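In structure tokens below, several structures.
Each of the two complexes below includes chain A, the first together with chain B, the second together with chain C.
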Partner chain A sequence: MEIKSNKYRLYFKHILIISIIFIMLIPFLWMLSTSLKDPKDILGGGIWFFPTSFTLEHYIRAINETLFLTWLKNSTIIATILTIGQIIVAFLAAYAFSNFNFRGREILFYFVLATMIIPEQAIMIPQFITINNFDWVNTFTGVIVPNLASGYAIFLMRQRFLEIPKELSEAASIDGCGPLRTLWHIYVPASIPFLSAIGVLLFVSHWNDYNWPLLVLMQEEKMTLPIAFSSFQHEGLVEWGPTMAIATLSMIPVLIIYLVLQKKFVEGFTNSGLKG
Partner chain B sequence: MRAEILKQPTESLVGEKVKTKKKFNKWPYIFLLPSLILYGIFYVFPFFYSFVLSFMEWNLISPDKEYVGFDNYNSIWSDSVFWKSLLNTLIYVVATVPLSMMIGLSFALLVESVSGKMRETYRMLLFIPVIASIAVTSLVWQLLMNPEQGWINDVLNLFGLPQLNWLNDPNVALWAIVIIGIWKAVGYNMILYIAGLKGIDKQLYEAASIDGAGKWRQTISITIPMLSPINIFVFIVSVIQSFQVFTTIHLMTQGGPNNSTNMLVYQIYEEAFMFFDIGKASALSAILFIIVLIITIFQIRTMEKKVHYQ
Partner chain C sequence: MASLMFDHVKKRYGNSELTVKDFHLEVKDKEFLVLVGPSGCGKSTTLRMIAGLEDITEGSLYIDETLVNDVNPKDRDIAMVFQNYALYPHMTVYKNLAFGLKLAKEPKEKIDVMVKETAKILEIEHLLGRKPKALSGGQRQRVALGRAIVRNPKVFLMDEPLSNLDSKLRVQMRTEITKLHKRLGATIVYVTHDQTEAMTMGDRIVIMNEGVVQQVASPDVIYNNPANKYVAGFIGSPSMNFINGRVIEKQGNIYFTTDNIKLPISKDNTNDLKNYINQEITFGIRPEDIYTDIKQVDTNESLVKYTAKIESIENTGSEMFLYFSVDGEPLTVRNKSNPNIKVEQKITLYVDMNKAHFFEKESGTSIKYDRLLTDNE
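Showing the complex of A and B:
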């Protein structure tokens, strides 16, 4: 008797979770459905998700009439360079913070934490003036370089490096390894799985970056996907079909990375030193 | 979590102080150099320069900046749009943060309570709104919230409920933005809470069930108190993030209708890059920074007390 009621309760739980998931994913289902519908069915075509008409017209238009492929390339270049750059800069900083004792270490580390609290928009004006002085407006450099130092990445990596036993680097230094060789032979191999986890997180967040690229990139040929969406908007009117086609296409790379590496994602979060 | 950050450097500092005194070690500074140069140019300098600019009048293009004292701040105090954006920002933060934390925690508890393979799939699906770009999701929500023939109004109609002019009604628009904010944040909070749940010692539950405590009782007396370090983290991060809501507003409402969705961050953008009033925008930035700083310090202080308590 009790077993049976437990079983029903379990079914109920699964049904509840699946309904929640369905509600949470409605925007994506609707995005996909709209991108495949006949234009006349887009607004007022009913609430059913499965399109009553089917066309690939919007995808063809999105690719032919816009610079979609250029934007895709731009997004890929910027997100990749930014991610790798941030990892290198943060790796060196985290190595310094975790493996050495030096004057000012704590103050500098607090400073790094403080940069995470400053809202990006509170300093975007002088940042913009700075890159304007460097003549970096409307360039990838202007998007990438100001963001190379990531407090988030430094913080996460330092947390991880502190778990690497000090005896290892001490033994290495007794064996005559300099700091550079210790870094290369002990810290790099020990952190590769972790680096890929944090790399995925950083890549996805840069793929989606909006505010800063919006200020820096002005020409359509230079834009990344998130900021290029408005091109099917004319005087406030949006052509929903092609817009949703671009939206769907721009989500695919991130979705693939996420589905393939989802364990890494969770690892990236759970290893953030949040365990208490 | 914060206690751990504080603890580790001091411990090792005591142990090796003697060694460092002997010889100056240049290496840590060399490794920190790239970060320090980047931070110097793109964070520290802009940070101070922002305060300087808040006392100037400048239109971003002209070569001359004029010193105007506190004029920009004075014009902000008497600007009704500023008070409206400040109020909207506070409403947004106060509505979004607790709800997205509670829903995130409920999702975490619910998903973790089922066993087997399905659990991972559920977790993965619920996290999708987080990895999607806000630009994409803002556009899709705009379509869903279309007043005449949007999906949401069609569904409301089907159930005989009144349709809402989601983004064009000054009384509704801010809540539409709040709903989207919550929807976007719950998956992130859920994952953080799941990470926290995994850190709880299983023996606590065993002991409790031997003492005859039921599932609910265990959740309230063990799970929730044990999650308090995660709570602090989620709370601080959520508040900072919700202060920065920008993309949804920029793409969906442009602060309208009638400034009903204007927020501090959006107003900064508007003043600087649409009206080219750099002085006023910088003064607004300074105000935003001070508000976020005060709130963060206050949060850390009060939360620290609570954690030490338990």
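Showing the complex of A and C:
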């Protein structure tokens, strides 16, 4: 009897999980199907979202009529530099927070945590005025520099570093390492699995950055993919087909990175105990 | 190799009490010095101050007559073996051994020779390609030792290096470290809480308690002439028996008495106790200095008879420990294993009063200490 009830429980669990996955997948499937549908079917197809017609026209238009490849390049440059920069800053800051005893360490760390709490919108205007003073409006520098330090990355990296036995850095210091060498020779290699996870998390979040690049980047050829979605939105009319084609194409790089590092990505989420 | 000099060194963490109170000692070149004491006694802190991993609050520390208070660990030319080995997990054994040499910018060929030579000494040549997680505890211990000796440092520091090994391996490594010390002619400062390690390995032992050095001497002196009651009780297993009582004089003879016992003081000790007549003292006797069979003793001049009932017995095979109660205080006797001795049995004990120790009741200072020290000199 018990085995049977366990079996039903398992069925129930699976049905529940599949339904949740389905609900989450609908927008993606809708995006994909819209991007492949004949323009006539997009608005006339009712709620049935699988394409009855099939065309690559929207993709061709998206690539030919817009600066899609430039935007792709821009997004890649900005997301990559931000990810690498944030990891470097996080390594150094986390090492200091976990290994050095200095006055005000705790307070400083609370400030780092506070950057995770304050919403982006709250500091947008002063931040914009600052980069304007530097003449960085409409430049990648303006998008990148204010975001080079991530409280989230510093926090996660510090937690990881605290797990590394202190004796290792002591042994290294006796062996002849200064703080930077200890970081490079001991802490970085010991954190590589964690590093790839956190790298993916950061890359995905910068790939999807919208508000700040929208504010800083003015010219079309400087834009990143998320702000370029509006290219086919005209007054009173949205061309859903090409818009969805751009959305689908812009997902591909992230999807590839995710698939390659899938295992570590999930580990990163589980270990952090936080949502991305 | 090198000598070490502690000049009234003190250590305090934050605003707390001193963790190490006035450590003043010279460690000679090629000496094997063991710091021993219960946890929290300041022995590891002292070792870490030599390594440069802890700042010195007050006093000076010299390595080979150079003041090193403000010298970085890497510039002190020392090597340290940690309790949990602290091997670099992502490096092979070879790289673990070579790491320090590489940082010192030694030429590659020289590093290779030195690593292989060290591996040979420690018999870990076949492990050079492995990572630490693929090694057993004993092998990791050897690699940790190898990492220390490969650099040929002035001073070796060892922080309870054997405490993570099982007892059989510990005995084996104990001998190997002692052999290594002789072979390398190294100056070693070794921290342990295990008195057997201290007694078997050290040229000299420093016994510490609550940040204070209790006694510094060779194992022999520590055992036979403890400076105070703490040292007497700490070294020796089972530990020394202590009985509180009073010194009295009757018809020219001196006795140690409690409510139920009266032990005549042997001639050798009479002079020491003359100044303590009618004062409270603590009498101490090691379990092996009480006999159950008079035939076991060469001389019975100083023996005193005492009859008592055995409360319990611990048999280790070759010998047995008999537990008694004298005036409410426990008394242990070490005896050869003997199946005829049973619990609850009344037995005659012969106490060798020549071997007795006497301590001042309040301070715990040994009353015989100064005389024995001069005798030895």
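Rule of thumb we're sticking to: the second predicted complex is superposed on the first by the 253 of 276 C-alpha atoms of A that agree within 3 Å, B and C clash if a C-alpha of one lies under 4 Å from a C-alpha of the other, contacts with A are read in each partner's own complex, and residues count from 1 in each chain.
Note that in this section contacts are C-beta pairs under 8 Å (C-beta built on N, C-alpha and C of every residue); 3 or more make two chains touch, one makes a residue touch a chain.
The model shown is predicted, which means the values in this text are computed figures rather than measured ones.
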{"item": "Chain B versus chain C as contact partner of A:167, first or second or both or neither", "value": "second"}
{"item": "Which superposed partner A:250 touches (first chain B, second chain C, both, neither)", "value": "first"}
{"item": "Chain C versus chain B, contacts on chain A by residue", "value": "B"}
{"item": "First, second, both or neither for A:189, with chain B first and chain C second", "value": "second"}
{"item": "Touched partner set for A:197, first chain B, second chain C, both or neither", "value": "neither"}
{"item": "First (chain B), second (chain C), both or neither touched by A:25", "value": "first"}
{"item": "Chain B versus chain C as contact partner of A:157, first or second or both or neither", "value": "neither"}
{"item": "Partner chain in contact with A:176 - chain B first, chain C second, else both or neither", "value": "second"}
{"item": "Chain C-contacting residues of chain A that also contact chain B", "value": "none"}
{"item": "Chain A residues within the chain C interface of the complex", "value": "165, 167-168, 170-178, 181, 185-186, 189-190, 192"}
{"item": "Complex contacts: residues of chain B adjacent to chain A", "value": "1, 4-5, 8-10, 12-13, 16-17, 19-20, 25, 27-29, 31-32, 34-36, 38-39, 41-43, 45-47, 49-50, 53, 60, 107, 110-111, 113-114, 118, 120, 122-129, 131-137, 139-144, 146, 148-151, 154-155, 158, 183, 186-187, 191-192, 194-196, 198-199, 229-230, 233, 240, 243-244, 246-247, 250-251, 265, 268-269, 272-273, 278, 281-282, 285-286, 288-289, 292-293, 296"}
{"item": "Chain B-touching residues of chain A, taken from the complex the two chains share", "value": "10, 13-14, 16-17, 20-21, 24-28, 30-31, 34, 43-44, 46-47, 88-90, 92-93, 95-97, 99-102, 105-106, 108-109, 111-113, 115-127, 129-130, 145-149, 154, 162, 166, 179, 204, 207-208, 210-211, 214-215, 225-227, 229-230, 238, 240, 243-244, 247, 250-251, 254-255, 258-259, 262, 265-266, 269-270, 272-276"}
{"item": "Chain C - residues contacting chain A, complex", "value": "51-53, 72-74, 78-80, 82-84, 86, 88-90, 99-100, 103-104, 147, 151"}
